[in-house]
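In the two complexes that follow, subunit A is the common piece, with subunit B as its partner first and subunit C second.
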Partner chain A sequence: MSVRASFEPNETTDESRSLRERVADNPGPARFWLLGTAVLVALEFGRYMGWAQQLVGAVKYVIGLVGLIPTWIGDSVGEATVPIVSYFVSDAITLVLLFGIAVLVTRFTSWSAVDQFDLGLSDRLVRFLERAVLTVVLATIAVLFAFTPVGGLVNGAIDGVFNTLSSIPTLTSREVISNQGHRTPGGGWDGTFLGLSPAVAWGIRTLLVYGYALTMIVWTWKGYTIFREHYRKADWTPRDDTLRRFRTHYWGLFGLIVVLMFIVTALWAPAISPTTADQNIASPYEYEIEYLNDDGDVVTTTPGQANLNSQSNGQNTIGPMSYDDYDRWSPLGTTSSGQNLLTHIAYGAQTSLVIGLLAIGLGGLIAVTMSMLTAYYKGIVDILTVITSDTIISIPAFLLVMMLSVIFNQGNHPIAEPLNGGLLLGLIFAFVYWPGMWRTIRGPSLQVAEEEWVDAARSYGQTPVNTMRKHMAPYIAGYIMIYGSLLLGGIIISTAALSFLGLGIEGSTPEWGRLINDGRSFVGTSSWHVATIPGLMIVLVVTAFNALGDGLRDAIDPEADTGGTDDTGTAAAGGGG
Partner chain B sequence: MSRWRYFFKRLLLSVPVLFLVMTFIFVLLRMGPVDPVAARLGPEASGAEAARMRERLGLNDPLWEQYLDFITDLLTLDLGKSWVIYGDMEVTRIISFAGPPTLWLGFWAILLPLFIGIPLGFYAGLRPNSGGDYIASVGGILWQAMPNFWLSIILLAALRKTKGGGWFGFDWYTLGPDIRSITGTPELAFATASGIDWGTLASDIKLILPPALVLGSASMAAELRIGRTAILETINSNYVETAKAKGLTNRVIIWKHVFRNALIPLVPVITNEAFLLIGGSVIVEYLFNINGLGKIFFQATVQGDLPLAGALLFIFTVVIILLNILQDFLYTIIDPRVGYER
Partner chain C sequence: MSHEVSHEPIATETDVPTDSDGDVMIEVEGLKTYYENSGLLGGKPVKAVDGVSFDIRRGETLGLVGESGCGKTTLGRTLLQLEDATDGEIRFDGVDITTLGGDDLHEWRRNAQMVFQDPESSLNDRMTIGEIVREPLDVHEWETPQARRQRVKELLDTVGLQREHYYRYPHQFSGGQRQRISIARTLALEPDFVVLDEPVSALDVSVQAEIINLLEDLQNEFGLTYLFIAHDLSVVHHLCDRVAVMYLGNIMEIGPTEELFTDPANPYTHALLSAIPEPDPTVERDRITLHGTPPNPRYPPAGCPFSTRCPARIRPAEYRDLDDELWNRLNTLRDLLSERQRAERSVRDRLRAVVGKDTRFGTVEETYDELFGDQKVPARVQSVLDEIATLARNHDEGEAIAVFNEAFGSVCDDEPPAYHDVSDGGHQSYCHRHTNEYRSTDAVLENRHG
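And now, the complex of A and B:
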């Protein structure tokens, strides 16, 4: 009889019914909230589908990359020995990878052959057999996808569905509220939303974007309060106190607001920029725009041609809040190559956000895993991790990032391709910064490993993995959030600094640092805005991330602030410790 | 565990760290995706010339032999030769002429924040929640969030604007010693045999002040914040209460009891600055056109001069490891509470 089975009855007592059952008892508030959510989602359905499509694309890319590993290892082994070995090695590694996936799948699904059939074998063996069977199934599917037309068909079907769904117009799509039109000889505007001027049309769309995002956030908060009032088991949890502390931490709230605006700007970049990145930056000669020329005729030209005559390069300036000669609205002016500065900023926010989140997510995952392992096992694992992290920390971070990015970009490594090097940069940052994160959470994880409940879980027969996941990791999560927020600012600065130097992100992907480099020579001229505005944006966003980190620290771990003073007042000015 | 055992344990740990760093650099240079021969001769190099180069660089030897050679060379400080930017010059010679400007920059970048950041932090801490405190604190936060490269170009533009009067009512070009350009490498020839040449010294200092201000900006903000907190903490502590009760004058309390204790948490901040300086020197030297190690590292990485870049990276890392040991040593002497187990 396993431990798990003997405790099963407890889990279905009145105290711990599932959330679904609790909602079924009192469906009113939940129905109200879900209805509102449905309306909000329907308004922007096409955009959400667009994001989902990008997500699916990313997953496909990762699968493709993982699929390359077996042949890569096999080939290198084959080179060192006999070529025929490479096939065996690559097949074996494929199977190992698939088995790993099978283990993950069985771990995270509740169904298990152990509970269903009584085969008279030990639980361990049944579990292993179950995973082996799953591996074979996965292998069959993989072969089917790789070597038969099925893969292509499924791929095409997925793409087709998403393409259709994501082209549904939404509340904030450019087609609905268009700001791209031209003056008419009569003095009005043609092609814009309701015949308004592009500036007003763009303003309405931008307001709608931020308004929609605000509504969404407020509604999510409302959902949480409904959950707390009607459906949560406990009347009080420690998280309530954390939230209460954060709500009165004005410095942290300022950070949160700016960070949310930054994220919204990145997510809604196509709606916020007056023109799309593809039309304005990537392939400006493949589109056509109309404008009213000086002779009073409406003529057609390409955005590329128009860009050449709208540069802000010291002699010629299209400043913030102005139109260029081609009736195009530039809320933040143009760059030194005539492209729209706001388009660059909005899409550049996307680049920074993707790199930052990738680095923090991956680095944080490594750091948490290592901190759990070192705190639980100590001894040799701990020493080895100390040595590894000391090594990485003692190499100057920025120089290491520079060198790695140059080496991989010069070697034309396939990983340097997505986002013109953005993915590579994210991975490099994760590699460089995980030791720092590990060091920060090392103290708390060593502390929690000494706690009685961890000892209890161990003596009770919990597996080490479960002990770490259920009883240690939640305690660490707060600390990684604090440090992650502080680190994100640093990563944004480093990314910008690299692209300022012409490294890291290359090609046509917009990046804030490159803008500063573009406008470097014009700071003292009438085209001051090219370098100044992106710089101010960096300062604002980095300050906001620092503020958010301070706020989170004071909210999650008030003891950490040893200032001894009331944290709300002083923190608002100085950010606490 | 005694303090000294802790210190020696740290010392012992730095040996494998050093070897791992060397191994890492070796892996990057020899086994990374960049082919050394192609980097040297251009991507189209092939045939006899490439084969000769391959032989000359020892790339045909077994990997472990290359590895051993590489490690021995680094340990004996035989850092090899530059390939591209200083054709075939010994790396040690490059360091001998590029090192001094970087050290000069680093010296001022540590000194300036010390004399601006700490006094400002103490000022803010002694007047908590006053207007001056808010200005200093918010200024420090913004100062810390400003990227060095942006600060540099703004500062350069502002200084260039001062030519012949301009916005601020002074001319940086003619203020004090005359300099031809506001950027450039300081000559550092002030210490001559006949004593110190004050004119050269002054122009060297003037040349280095703007870049040092930028490079020290982050540490300045950190010192401001930590100095402020340290003062707030000490001022509320019991011994200051006691001193007040004894009837000591404010002046004595602040100078004798508050300042000296508030300086303690600032010690690690100051030693940690070396990390920031080495990373930041690349951008600042590049923008202010100072021919120091940072700028040469930048050129070396961009132009594919990997042996030079690798050697410089090794040198920087060794400096940091040594500084870490020094810091541990200082801790061991100063702070009796330190222990290996937290």
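And now, the complex of A and C:
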């Protein structure tokens, strides 16, 4: 075949080069894209550092929590037996935990002692030794951090660096485009961006946030197309088809847009809110604001005092798109306690996102893992999982959530601290809902485990973990996505319901459900917006998550493909067999 | 044959001299694969493979035929360690692979691969052809990723597909093409031994020939050794060097293809071969019809596994003159009795029996009427039948069967046969008829069915 002969050398040279080399050959497009990315990142660098700081904080929190486990268990054992035993037990558990981390680390790094040294031992033994050595190294580091000043120094250094970096002003920061000011007796505005009214300043900032997020998404897409056009080895890969299917799935696109807006709102909550949650909700008596009173004087008060006179409670209403008596702009009006509704909703989006994603992510992970294990191994693993899940399911879900939430909150457990119990609620929902998710995907898992390709994988020695990941999990992904997105709505609603009963997230953490609870008695009055707007937001977000799940499922399933008959045609024509 | 082929219960075995052509690659000895009850309390296991012994020589194609459910697929899967052997040995180049584990087993898997029956189910629909064929290479970390991709494209070429199909999905291909992909995956690790589990039975007849020819070409090119599992005898006749015939977990006959097809020794092989349709309508042929269904592999017969349906079963001398139809009825009676013995009677059944109502098994009278109503039963047979009826009425089926076997049983029911050499070419048959005291199978079949 002359065509192939001329095509082949080109193909082989092309394939043998790495991405770095391919970029070096043709740096133009890559340079262009990286420059654009650098500009975009620079515009919001301070905010990204703020997120990174929060992430580091979360990781530290988790490490701290895991670090407590050995002591807890050790102390309990010590109380039951001889106190000296507690030290041994806690040390042993520490080592087991560290060994577990070592296993994870070795699994996810490509370097392996097996390839590097020939010790004349079996691969299995070398791998075990490698992990044992890593455990000792980790233990040394842990001791160094816990019992020497090194830990404090490192901690302080990290905090200092992030504090400095995150205070850099960004394009959308409140200080740059401020909407907090007051009227002047002359009729203008003082303290706001360019002397514009707070409404306009806020509008500009909000537009900048969404515009920036949109630009970022478009630029990422642009990066992908540049990669595809200039640097990818193959002119076509399956991923292209997935994207093509999703691009024509309008219901899924609708979901994606709303979900992205929801996420942007949560991430940029401080910029989108007319005022910060801390000033308006958490500690309103620790700040001062100035306003022009009826007598034409600029006077000072606290936001807490101002809130008391700006309530939307039926008799008195600060509706959407209006100012209150204290020259504060309320794009969505105020709540029944006089707080800014948009601030409440934007920060509430963070709460909902954390709880929902934590619950679905963790619960889904447990469900998928268990369904893979039970379908692959069957037998005793299956029976135990059935018993466990049945036990959890047999207790009414909502009752269980309430019970656990009360126990941990009353016990002042350290888990109940973050987000006023938001983290705890996410974990509880994960625990309560994983059996349901597992049940839904159990049938398909058992079915796919019986497929011959699973046997085929075993026949050439594929490991069970990889078999489950490559040959079983993709068939479950569609189900778990649909069910997860349905459940996400349920969790947002359940969180709201708990707040409604006064058991969920209390205190200063904004939450959508509490808004509905607070405003439900005013739906028939002029203060209708207090419950209606968060209600509509919940409906919209829940629907959008469903739509996104639907679109994703259709996109990742090549057999759901309706378009592109040309592909099928050529494949069927060639080969002839 | 390099070693003795035996059946477990037989203590005396005939030592067969080593065959001259080809060295032995796989030696299977006394292999048993039982499926245990999934329940916690155990119970009787299903004896899917119940003690088989045979050799596979390097470079040959051994056919494995038998009806559905006879355990041939289980045997193939056990050879590849996809099922755990309950007992026995599988020596692959001298190494007993049933004892391998961990890294050794992983390494060994390179040598032995399998082509599955259903190409619709053996390829993961969510992966591209390239990923599917590449996976064995990835698992065994074969050379570099680039080299793997190159090799996959060459393999696609080898099995008659195009290199561009690397990025296609399985559902874009026809059954025959999918089977080619499956074969390409099998060849990826350059195995020595391939189990072909009915590789063409799910395909159109026109495509079957192409795949068969491809398999033959590949065997010549790469020096592969095949175990070809099939129930299509004509395909086996075409492709295989030697054939093993399986029934109820046992190998009934094994020998060179041509010899086995033209001169079958075992009654079961006779029956199987007589089922091949004859294209010439004018040829006079007698089909040997087997009565009943194969026994439950949980409760195989004590003697020869084929004794319950054998057209050439050895009959006791004193009843030799009974006609064949009556023998069939008697066999049915025995099946019914053992079924009744196994079936647990519910409380309701017992109550109904006590008050004289019909149970779901029917009364003995009904059964007798159905079986022997239109038969002329000689008096000496009738007396035995009456004795059995009395016992059965009292629900003493065990005793009834004992009486039945006492009267009508023979060596076929009592003890498992031995493997007998029927020619010099390593042709062996598992039947009592090959001992000198009984007439040969051919003569009996000629007599009874001819």
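What we mean here is this: the second predicted complex is superposed on the first by the 496 of 577 C-alpha atoms of A that agree within 3 Å, B and C clash if a C-alpha of one lies under 4 Å from a C-alpha of the other, contacts with A are read in each partner's own complex, and residues count from 1 in each chain.
Throughout what follows, a contact is a pair of C-beta atoms (placed from the backbone, for glycine too) under 8 Å apart; a residue touches a chain by one contact, two chains touch by 3 or more.
Because the structure is a prediction, the values reported are computed rather than measured.
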| item | value |
| --- | --- |
| First (subunit B), second (subunit C), both or neither touched by A:T532 | first |
| Partner chain(s) touched by A:F45 [first = subunit B, second = subunit C, both, neither] | neither |
| Touched partner set for A:Q462, first subunit B, second subunit C, both or neither | second |
| Which superposed partner A:V406 touches (first subunit B, second subunit C, both, neither) | first |
| Subunit B versus subunit C as contact partner of A:W453, first or second or both or neither | second |
| Which superposed partner A:F254 touches (first subunit B, second subunit C, both, neither) | neither |
| Partner chain(s) touched by A:P474 [first = subunit B, second = subunit C, both, neither] | second |
| First, second, both or neither for A:F128, with subunit B first and subunit C second | neither |
| Footprint overlap on subunit A, comparing subunit B with subunit C | 574-575, 577 |
| Subunit A-touching residues of subunit B, taken from the complex the two chains share | 13-14, 16-17, 20-21, 24, 28, 32-35, 39, 124, 128-129, 133-134, 137-138, 140-142, 144-150, 153-154, 156-158, 160-161, 225, 228-229, 232-233, 236, 275, 278-280, 282-283, 286, 297-298, 301-302, 304, 306, 309-310, 313, 316-317, 320-321, 324, 342 |
| Sites on subunit C touched by subunit A in the complex | 77, 80, 82, 102-103, 105-106, 109-110, 112-114, 116-118, 121-128, 135-136, 139-140, 146, 149-150, 160-165, 167-169, 171-174, 176-177, 179-180, 182, 185, 188-189, 207, 210-211, 214 |
| Subunit C contact footprint on subunit A (complex, rising order) | 4, 12, 15-16, 122-124, 234, 236-238, 451-453, 455-463, 466, 470-471, 474-475, 556-559, 567-568, 571-572, 574-577 |
| In the complex with subunit B, residue positions of subunit A that touch it | 386-388, 390-391, 394-400, 402-404, 406-408, 410-413, 443, 446, 489, 493, 496-497, 500-503, 513, 516, 520, 523-524, 531-532, 535, 538-540, 542-543, 546-547, 562-565, 569-570, 573-575, 577 |
